[in-house]
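Each in structure tokens, the structures are laid out below.
In what follows, chain A forms one complex with chain B and a second complex with chain C.
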Partner chain A sequence: MVKYILKRLALLIFTLFLVITATFFLMQIMPGTPFNNPKLTPQMIAQLNKAYGLDLPLWQQYLHYLVNAFRGDFGTSFQYQNQSVSMLIGQRLPISAQLGAQALVVGVIAGLLMGAASARNKNNKIDGLLGVVSTLGISVPSFILGIIFLYLFGFKWPLFPVSGWGDSFSQSVLPTLALAVTPAAVVTRFVRSEMIEALSSDYVQLARAKGLSEKEVVNKHAYRNSMIPVLTLIGPMAAGLLTGSTLIENIFSIPGIGQQFVSSIPTKDFPVIMGTTIVYALMLMVMILITDILTAIVDPRVRLQ
Partner chain B sequence: MDTWKKWAIGAAVVVVVGGGTRAAGLWGGSNGSSNALKFSFPTEIQTLDFSKNTDTYSGTIIGNTGANLLRVNAKGKAVPELAKSVKVSKDGLTYTATLRSGLKWSDGSSLTAKDFVYSWQRIVDPKTASQYSYLASGVKNADAITAGKAKVSTLGVSAKGNVITFKLERAMPQFNYLLTFANFMPQKQSFVEKQGKKYGTTSAKQLYSGPYKFEGWNGTNNSFKLVKNDNYWDAKSVKTKEIDYSVVKKPETAVQLYKQGKLDRASISTPELYAANKSNKDKVKVPEATTAYIEYNQTGKNKFLANTKIRQALNLATNRKELVDQVTSGISTPANGLAPQGLAKTASGEDLAKYAAPGYKYDAKAAAKLFAEGLKEVGETKMTLTITSDADSSAAKTTLDYLQGSLQKPLPGLKVEEKFVPFKQRLSDSQTQNFEAVVSLWGGDYPEGSTFYDLFKNGASYNHGQFKNSAYTAAVNKAETTDALNDAARDSDYKTAEAALYKDANFNPLYFRAGYSLARPSVKGIITNTTGLNIDFKYAYRK
Partner chain C sequence: MSNPILRVENLHVNFNTYAGTVQAIRDVSFDLNQGETLAIVGESGSGKSVTTKTLMGLNAKNAVIPENSRLLFKDKNLLELSEEEWQHVRGNEIAMIFQDPMTSLDPTMKIGQQIAEPLIKHQELSEKDALARALELMKGVGIPNAEEHINDYPHQWSGGMRQRAVIAIALAADPEILIADEPTTALDVTIQAQILNLMKQLQKQSNSSIIFITHDLGVVAGMADRVAVMYAGKIVEYGTVDEIFFNPQHPYTWGLLNSMPTTDTAEGSLQAIPGTPPDLLEPPLGDAFAPRNSYALAIDSKEEPPFFKISDTHYAATWLLDERAPKVTPPAQILKRWARWEELQGQEA
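So, the complex of A and B:
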């Protein structure tokens, strides 16, 4: 297991290097400069390029970036004057991550409950209703739900604040719910099909034959086994949620990383684009690694190699 | 089965109780006193380092928490602020400012003439790499210092006691307004150096000299406030103790919050919001000192556009009123010249744009006639014109769509093609003359004509069409030299300049951009400016 993890970590560093290199050179294709003021003349741009070292040959800039990144210095934002990229991401990522984590917890718990309820009531009214709900949840994008929630619970019945973050917990309720619906729906469908399979399996038949109560059969045998595949689903889902939803952050005016990443691209804020890409890649890879390890722990049949 | 029911009931209870207690204000969060003024920004603020700032909304905070030698008053005139007086020499090359006594920073330390010198030096210093260093161009050695060819200490700004002296290389009619600008407000050297790389990145990492102090911004968060600065020299004129600010990104949400009384101002400048709120009695117009216009490539690369009659025909075929109605729902104003409405006033108090307007009009018949003559002169029967515009702006897109349809109709033989490129690409295409015609936008920096009329001087770098209009250049040069200190004579020079542009149809003005806001009528004393500090709360209060 230790050997496996080390191997994966080495691969992770190599992948990161590839991501840095690809992003760095792809960014050069974008037109324009990172300077926002449209009134700058070519001479003034040349002076600014010199001040920021953007006049150096590309390979030198690339090497500088690699060396500095290795030391943990990801540069200073062009858009947010004087703000280092580590500070910029360091302040915004936790906000997105908190929102994502809340949505993940709410979504997964709701999904597990609804999936189990659906499977146990297979083909009756409850199952049908939950089927409709989960289909809607998968097909309606979170930003539409966000706007609907905003209208209903922010303006029509003003129960929750409609914008901002960090002043009170209530500000996070609507965005969390909007983001939680899709994972809840996905998990519901997944758990339902896994449970149905488990409930008709031999070991459940045996448990029933032994005379265990229905509650014990479901909770001890069927449910646990149908949780395993859900784990593989949660990893990548977590990576997606934790790195921030641009549209939800925009609708609810949340100062998260997703919004920041998108606005850094048209302004050509190189250091921020690079820094955010690295963080995203890292999170996705770490989540997948954790999922693999967890799967091995939960399911003794899986051997990591 | 029962378990699931319990869960469902539990979840419902959490939501209801949570919502209910929140409504009862038990979760905290509804910060600020009820009497505070409440405003919002559509984006996060970026920096408080005013030598480097390029962002409008950060500029609003910076301008309300800082003071300069002069401040623009409700009539648009620059009046004494931290300076008791500002005197100008007869040749217009020396300005002498005398500071009031007992000036203080928000931390109680004294504010001196040296803080002004340091700020001017900091913005032109190539190490600072400010994108606005060009505003100082004209002050002795400013350009040389920015280009790295002279030492920062040679800048023509010096302090002696409580007197600051500015030496200029050329007379600058706008210089008084530069003395109101946020970029040139004083900065305390010891403070800036102590904060180092973190200067201006949170509200605690800046000192304030203006009517308000800035509090509660940690560099990321979306709610913060302006609090009255008791160390401000004119604190007795500041009637408001607190102004709460929040970031509300969706304009529709801001309008809803305005209607619920949770904001005192909300922009309705998108065509949809404007249409929905047109008849609201709280509606106010917000001019922007920005002109949209078409530049024609007159380098000779395109023989059609080198022909004056064809350019005149295109200008006459442009229906500016209809364009404004269709593209902006009538929010903006049809352009009648280069310098926009609301930019500046003439010596007699009239709007400069109105005074200098040379008479742009829509005349399809005259346009068709001139177009036919022009085509004959270049020996062709038809013409294809490619117009470039921004792909990343919906206004730019609809403008070009409108132009394509409306120019072709009155001008038989003309085919207009659209070319959409990203904003940054358009800028670089314009600078390298890689266009036939391009839709450009220009916003003024200060409330004086030269911020626009400098654009099209012979050889000027913003003259992307590279036309040479000697009558125009001569008039603008006269305004900026011999008439620099004579307001009335300068107005008439600008009028001559507009007429020269009109005669040769060197460019095609489209519209003066404007917006609308909903503004709480009970909030009085707000000063809005089209350049510089866009909204000034010094005298603002709730009645």
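So, the complex of A and C:
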């Protein structure tokens, strides 16, 4: 197991190297320059280029970036002067991550409960109702839900604050719910179909033939087996949620990383774009690694390979 | 021997589907005696598996069993049990061995624990005691080095070993009736023989009764005391194993025996029964086997044949046994079997 994790970590570093390389050269292809203020004289631009090391040959720039990136230094933002990219990300990522983690926990737990309830009541009213709810949850985008939640619970019945972050936990309730609906719906549908399959499997029949009650059959046999494929779904979902939602952050005025990522693109803030992309990639890979480790814990068949 | 532990009387099982009502079991009655093995034989769709599921109370939700059907076990009618009472019967008084050992064990649970589960449930043993008993059971079903393997997961075992574990699970609570639903169909032939021997040996030890469901007559010969042949949701012929093998009377039984390879039929091709079983959404009038039966009489398509008695233990539902029916000559192979029957009778007399 330890050997397996080490192997995966080595692979992760190699993938990270590929991501850094690809982002670096893609940035070079991008047209335009960050220094497009008409007030800048050519001498000033030359000075800026020198200050940021943009006058060096490309391969030197690349090596520089690569070495620094592995040290955790993604350079200095063009947009916010004197702010290092690592610091910017360090300020904003935890906010997005907290929101995402809350949404993930709420969404996954709701999905597991609703999916199992749906499967156990297959083809009756409860299943039908949950089917409608989960279809709506998947098809209505989170920003529309965000606006609806804002109107209903922030304005019509002012139960929660409508914007801001960090002053009180109640500020995070509405964005968490808005973000949690889609994962909850996806997990519900997935768990439903996995659970239906598990409940009709031979080993569940055998468990019933042992004289176990339906509750024991579901909790001891069906749940664990239907969790295995669900885990593979949750990994990438977690990465997506933890790295922030641009739209939800904008609607609820949350100073998260998603908001900053988008604003850095039109201003051609290359270091911020690259830094954020690399952090996103890293988080996705770490989440997938964690998922695989969890899968190995749940599924003995994976453990031995 | 004549002490039935289980009596099935006029069992009907219907399934309500979108297409209509499927009459899967149509008036089946049989007895199971203490310590005997009854084989139920038939092709796919004949109602074998529905019979077993009904005996375990595990039919799908859309199954409807009319009130005059009775499953008498220890003076109670199983069909009147509540779900909770059923849980006491299942795995405890009546247990089942499943067909496919590759899929019938939970892949995420240790095998020892899976064997211990019915013990914890029915005998209220602690987990530790149940695992100790599970180890004994594993040794009893011939798993080598059981101590080392009690914490294994199913995927670490071969099919034959897994089927031994499935048998251990069924035997855990010392049931009075063991239902074996094609327990060797998914195994290769050498392993089949081992598993069948194991079952016979274990039955001798515990004096339990076995209902053996199969489509393989070769397996039946070595295992069963009595045989019931099912077709289209009905029993068409039943008798002792010798009576079915050497004195078969129903053309469907002839067909089954004819389609089984023997040393006599080493040459040429196997004789299959032509056609397919009828659609049980609308079971045919009369004898359901008539459309596939080259010996069919005119009456077969009009009126259902009753059971004709051949001996105290042997009955068959075919109009050929009616005194008004013309004498037909069965296939050559069956005639050979009949000749062998004469010899056997002669030896006894």
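Just so we're on the same page, the second predicted complex is superposed on the first by the 295 of 305 C-alpha atoms of A that agree within 3 Å, B and C clash if a C-alpha of one lies under 4 Å from a C-alpha of the other, contacts with A are read in each partner's own complex, and residues count from 1 in each chain.
By definition in this document, a residue touches a chain if its C-beta (ideal position, glycine included) is under 8 Å from a C-beta of that chain, and two chains touch if they have at least 3 such contacts.
Predicted model, so just to flag it, every value in this text is computed and none were measured.
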Notebook entry, point to check: With chain A superposed, do chain B and chain C clash or fit?
Noted result: fit
Next item on the list: Once the structures are superposed on A, label A:Ala119 by its partner contacts, choosing first (chain B), second (chain C), both or neither.
Entry: neither
Margin query: Quick one: is A:Ala180 in contact with chain B, with chain C, with both, or with neither? Answer first, second, both or neither.
Written below: neither
Margin query: Quick check on the superposed pair: does A:Leu104 touch chain B, chain C, both, or neither? Answer first, second, both or neither.
Written below: neither
Notebook entry, point to check: Roughly what angle, nearest 10 degrees, sits at the C-alpha centre of chain A between those of chain B and chain C?
Noted result: 160
Check: Who does A:Ala207 touch here: chain B (first), chain C (second), both, or neither?
Finding: second
Next item on the list: Identify the partner contact of A:Ile20: answer first if only chain B is touched, second if only chain C is, both if each is, neither if none is.
Entry: neither
Margin query: Taking the superposition on A as described, I'd like to know which of chain B and chain C A:Arg301 touches: first, second, both or neither.
Written below: second
Note to self: Of the two partners chain B and chain C, which one touches more residues belonging to chain A?
What the structure shows: B
Next item on the list: For A:Asn225, decide between first (touching chain B), second (touching chain C), both and neither.
Entry: second
Margin query: Quick check on the superposed pair: does A:Ala281 touch chain B, chain C, both, or neither? Answer first, second, both or neither.
Written below: neither
Check: In whole Å, what is the nearest CA distance you get between chain B and chain C after the fit?
Finding: 16
Next item on the list: Overlap the chain B and chain C contact sets on chain A and report the shared residues.
Entry: none
Checklist line | Residues on chain A engaged by chain C in the complex (per definition of touch) | finding: 201-203, 205-214, 216, 220-221, 224-225, 228, 298-301, 304
Next item on the list: Please name which positions on chain C make contact with chain A in the complex.
Entry: 56, 58, 83-84, 86-92, 95-96, 98-100, 103-109, 117-118, 121-122, 153, 155-156, 166, 169, 173
Item checked: In the complex with chain A, residue positions of chain B that touch it -> 1, 4, 7, 11, 18-20, 22-23, 27-31, 43-44, 46-47, 49, 52-55, 126-127, 129, 131-134, 146-148, 197-201, 218-223, 246-250, 253, 256-257, 260, 392, 421-425, 427-428, 431, 441, 445, 461-462
Margin query: Which residues of chain A touch chain B once you look at their complex with the stated criterion?
Written below: 30-33, 35-44, 47-48, 50-52, 76, 79-84, 87, 91-92, 95, 110, 113, 116-117, 120, 150, 153-155, 158-171, 173, 250-251, 253-255, 259, 263, 266, 268
